[in-house]
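Below, subunit A partners subunit B and then partners subunit C, in two separate complexes.
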Partner chain A sequence: METILAQILTGLSIASILLLVALGLAIIYGTTGVINLAHGEFVMIGAYTAWALQTYVGVGLIESLVVIFFTVALFGWIIEKTVIRHLYRRPLDTILATWGIGVMAQQAIRLAVGGELRYVQMPSAMSSSVSILGIEISAFRLFILALSAVIFGFTWYLMYRTSIGMKLRAISQDREIASCFGIQSKRIYGLTFAYGAGLAGLAGALVSPLKSVSPEMGTTYVVDAFMVVVLGGVESLIGTVASSVILGELTGFLAFYSNDTLAKVLVFLAIVVLIRFRPQGLFAAKVRS
Partner chain B sequence: MSKRTALQIATYGIVCLAILLVPSFMDDAFILNKYARYLVLGILAMALSLSWGYAGILNLGQAASFGLGSYCMAMALKLRTVPVHTGKSGLPDFMVWNNVETLPWFWEPFYSLTFAIFAGVAVPVAFAMLLGSFIFRGRVTGVYVAIITLAALVVVNLLIIDQQRYSGGFNGITDLAQLELFGLTFDAYSSSSYYLIAISLTVSLFFALAVTKSKAGLILQAIRDHEERVRYFGYDVARFKTFAFAVSAGIAGFAGMLYTIVMEFASPTFLDVPLSLSVVIWCAVGGRQSLLGAALGAIIVTGMQGALSESEIFLESWTLIMGFAFVMIVLFLPKGLAGAVESLVDRILPKDRTAPGKSKAAADQCGAKNSAGGP
Partner chain C sequence: MKLGRRKFIKGTVAAGAVTAAGFPHIWIKDSSLAYAAGGEIKVGVLFSLTGTTAIVEESLHKATILAIEEVNAAGGINGMQIKPIVEDPASDPATFAEKARKLVLGDRCVSVFGSYTSASRKAVLPVFEKRKNLYFYPTLYEGRECSKNVIYTGAVPNQQQDEFVPWLIEKFGKRWSLIGSNYIYPKEENNYCKKLLAQYGAEVIREEYVPLGHSEFSSVVNKFRSEKPDVIFSTVVGDSVVALHRQYRAGGLDPEKMPMASLTTSENEVAAMGGDAAAGHFTSAPYFMVYDSPENQKFVEAYRSRWGGDKVTHFVSEPSYFQVHLFKQAVEKLGAGDISPKTIREAIKGEEMIAPQGKVRIEPENLHTYLWPKIGQCQSDGQFKMLKTTSEWLEPVPYKAYPNQTCTESGLKES
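Right, the complex of A and B next:
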């Protein structure tokens, strides 16, 4: 019983990080149709910003989260304004361009601060572990879980209860008609990209104390996050949460009970079959096309 | 034959001839080997251009075919190594290290070189036909094709790394014999291998060109430009797409076999994600809608990569430069360098209307032909 509960908690912890990465990706893809392969690099830049703030300024991780969010958001906004903006009519080319940006970002970091692994210290108040129902779990992991729930709640509020969210949803349904109603789609696209990038940056900052920080760290996250988006279906925030939890728990359990590689192969095969039969994802709302 | 086609064939011929003449000016075995490697990657990029540029299938898993071909050749050459490198009764060394007692059944046929060469093309083709009909029968298009092919590549790659007992795992298959064919020995560091590869490039270029000029090739271009319309005309779109996907995989597998010969080993990095995405880059830089452009794109980019990473100043920054150049080309030259050259030719040679054009004209033509017969 206790091992199962511990497994569930580990799975949730994986899921909460997946959710933070995938949420930004899902919003960007759902709104603009851009497949953002540079998303993993946003995660990486978030982690490096956390490291730089801690090493050179001496600010703790929790205090610097807001700064990290806005730094990476600015980076995402600049990329949208300089590159992505030109590619909305060629969705396949966004894969290529964002991949090129990702390569550049990795190499730029490698040139600027070196390719060796970096470590970020866990906030001292959270380095202990907490006991829940007899299960020991690190306080920091609980904090990530809580924070991602808060961020999800905020995103939901932003999307469904504010005028900017309404505009965003209008654009994702039909950009031209939305423009006819006076919605400035260019501005919204820029903001969407910035917000998605900011979320990825937060995810990067939050995982930085758990794993080592390296220029290549983003690559694994972007693939997993893509699987979350594909599984959950775009334009469905609840779907993103549900598929994060499913994939998080699945990864946790499979890695525990069987061969890691084989588990991955199975997950990928499942994704291939899923796309073939339900390209709109498991949780997509029914929309008339 | 239109003026344009004649010009195209002439250009292809001149480039191939130039490639074939290189060893007469150069007899440094090391440099020839390096050039041969670039040429093989050129064939690989050309194969992608056939499916991406001509049929609109962005295959991010192109390296899977390449790797499968490479492993087929490596298995045959491994079984031909002198017994020093092998275990009892010719068992490959890595199997001995992994406590494999007997040669697994799927290694047996590779004692025959003819079978290996056949398999190097047939295995990727069979894989592509299975995957292709699975994808295209379900009318999966665009971005989802890219994601599925990428996922399929990851699966093949993980399986090969995981089955270390039979595939050599991370190390791949090393210590290979040299290929002997028709009484010739192909040493990787000799002009014979270079000629083998240059001739292969020529043959596969003209083969692919013939495919694009055939009726099927025209229909493929029409599918690329407007899939629904072609389907309404009654063509079996899925079959044509699977055909393009399989031909491209076959050529990639062929290139994989050649790569094993010049590299003298096969490794899981021949079918990893970075290589597969690099192929897409080469294709985009050279021009996805031009077979020769894609091949030259690969040769130029890998050549520059080789040259830049050897010099002190660029050792660190060439990736940055490449990434930047790539983004610029995607933004401003969506048809790559070949597209730029083509628009130059357009200015000199006014378009003749009778020729089957390369772009939208193909879709319209197929349409005109069919609607004439229809009600």
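Right, the complex of A and C next:
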């Protein structure tokens, strides 16, 4: 029983990391229709910002989260204004362009600070484990779990309870009609991209004390994030959460009862089968194309 | 036909010109003199400077270049300078093969120093065997290879495990959990480990492999927690090592009760995971940065002054460094006209030198290296504490797990 409970908690912890990474991707894709292959590099830049702030400025991880969010958001905004903006009517080209940006970001980081693995310290108050209902779990993982719930709540509020969110949803439903009502889609697109990038940056900063920081770290995350978005269905925030939880728990349990290699194969297989029969994902919102 | 005086002179001059200009040309091309032309000896340096394994290979590249610069600064080899031709194979085995071909055929390098992963070594092997060139491979690896065209200066399984496994059994116990990345190296190491464990009456309660580059170890940590193995034998590689250690620590497991015993955790990985996550775990390797010897002191100082004061040396960068010096010793014994991959191979057999880790020697039959395995425990300052050094250097036996196979001078022998 305890093992199962521990595994459920572990699955939730995996899910929270997946959600953090995928949320930004889902928002960008849902709104602008851009398949952002540089999303993993936003994650990576977030982790490197955390490292730089800690190493050169001496700020701890928690204190620097806000700065990291705005730094990576700014980076995303610049990318949108300089590159993506010109490609909205050429969706295939955005794939190539964002992939290219990703490669450039990796090499830029490598040239600037070197290719070594970098170390981001875990906040010392959370560096050990805590016991809940007799189950030992890493305090820092619990913190990520809680924070990702908060971030999700905030995003939901932003999308459904503010005027900017309403404009954003209007654009994603029909850009032309929304423009007719005076919504400046250019501005909204820029902000969406920045917000999505900022979320990815936060994700990178938060996973950096548990995993490793290297120029290539983004590539694995972007694959996982796409799995979440494909399974959950685009343009659906609830779908993103649900599919994060499904994938997290599934991966956790399969890895526990078999091993991680097999878990990965089975999860991929399940997703392939699913999109064969439900290409729009589990929770697709109905949108006019 | 009458041979006129004028015609005769013309003919001899022409023939003379051919002899003077033409023949030596042909002669140079056929002999090995071309390998040491113009007071230079060209060697290839083939480590990835970009891509996934660049993280480690960059340090191997730096150690190699440092050693070449040292040899050149000290007057070169019999007055000839070593000229490194650097290529970046970008962590991709196919590119490794292509660049190796370029170095061997295009640049006519007499030897090439390179590779970190087994996959890249396997990819370049056909090039060196077909062109009868020589490859210097610095990484510890899974053994089970017997090539006449590779000099192996890293450890093979028997060198890392023969002392390590019984020591761990005695200290911690007989219930072992084996975890590795999912490819050939961890599988071969575990294969040998299981033989040793059976021999000492220990049991394997779990053997598990995670995908390469895996970074989510929470389920693995849960398994450790519920099964409580005495020793976790880890052959996880690359950035996965960092993730595993950090999540083990964050999960509240105790290295004093179930330490991780690794063949792949070096100063490099420890720097990335932080001393607190690494502290208390064990590594077996022929070299640690803290090893106290004048040669090592010199190596560490030279490395840091060349590449930066925060850089670490580790058990793969050290062989990258000493194998260049071994190469130099071998070539030194040859006349300038005799330098060729084949003569270097013959000259390097049985060659000895005092490396940073101790006195090493190339085994003449299998071209692997006699090394000094040590056991280190990681400390919270990110360095290892040396607990044990072998009293004798250990012979490399690349086929130790396969008793009916031996690597000899004439190739692999089956009995």
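Here is the rule we go by: the second predicted complex is superposed on the first by the 283 of 289 C-alpha atoms of A that agree within 3 Å, B and C clash if a C-alpha of one lies under 4 Å from a C-alpha of the other, contacts with A are read in each partner's own complex, and residues count from 1 in each chain.
As a working rule, contacts are C-beta pairs under 8 Å (C-beta built on N, C-alpha and C of every residue); 3 or more make two chains touch, one makes a residue touch a chain.
Not measured: the values here are computed from a predicted model.
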Report task. Please work out whether A:35 is in contact with subunit B alone, subunit C alone, both, or neither, and reply first, second, both or neither. Result -> first
Query raised in the report: Who does A:137 touch here: subunit B (first), subunit C (second), both, or neither?
Result: second
Query raised in the report: After superposition on the shared chain, which partner residues are touched by A:83: those of subunit B (first), subunit C (second), both, or neither?
Result: first
Query raised in the report: Taking the superposition as given, does A:121 touch the first partner, subunit B, the second, subunit C, both, or neither?
Result: second
Query raised in the report: Is A:107 touching the first partner subunit B, the second partner subunit C, both, or neither of them?
Result: both
Query - subunit B versus subunit C as contact partner of A:213, first or second or both or neither - result: second
Requested in this report: With the two complexes superposed on chain A, say which partner A:66 touches: subunit B (first), subunit C (second), both, or neither.
Outcome: neither
Report task. Could you say whether A:91 touches subunit B, subunit C, both of them, or neither, answering first, second, both or neither? Result -> first
Report task. With the two complexes superposed on chain A, say which partner A:146 touches: subunit B (first), subunit C (second), both, or neither. Result -> neither
Query - Touching both subunit C and subunit B, counted on subunit A across the two superposed complexes - result: 107, 110, 259, 261, 264
Report summary line: The subunit A residues in contact with subunit C across the complex are 3, 6-7, 10, 13-14, 17, 107, 110, 114-119, 121-122, 127-129, 136-141, 209-214, 216-217, 220, 251-252, 255-256, 259-261, 263-264
Requested in this report: State the interface residues of subunit A toward subunit B in the complex, per the touch definition above.
Outcome: 35, 83, 86-87, 90-93, 95-97, 99-101, 103-104, 106-108, 110-111, 223, 226, 230, 259, 261-262, 264-265, 268-269, 271-272, 275-277, 279
Report summary line: Note: in the complex, subunit C contacts subunit A through residues 49-52, 54-55, 58, 182, 208-211, 213-216, 218-220, 222-223, 225-226, 239, 242-243, 246-247, 249-252, 268-269, 271-274, 276
**Report entry** subunit B residues within the subunit A interface of the complex
**Finding:** 58, 134-135, 138, 140, 142-144, 146-148, 151-152, 154-155, 158-159, 161-162, 277, 280-281, 284, 316-317, 319-320, 322-324, 326-327, 330-331, 334
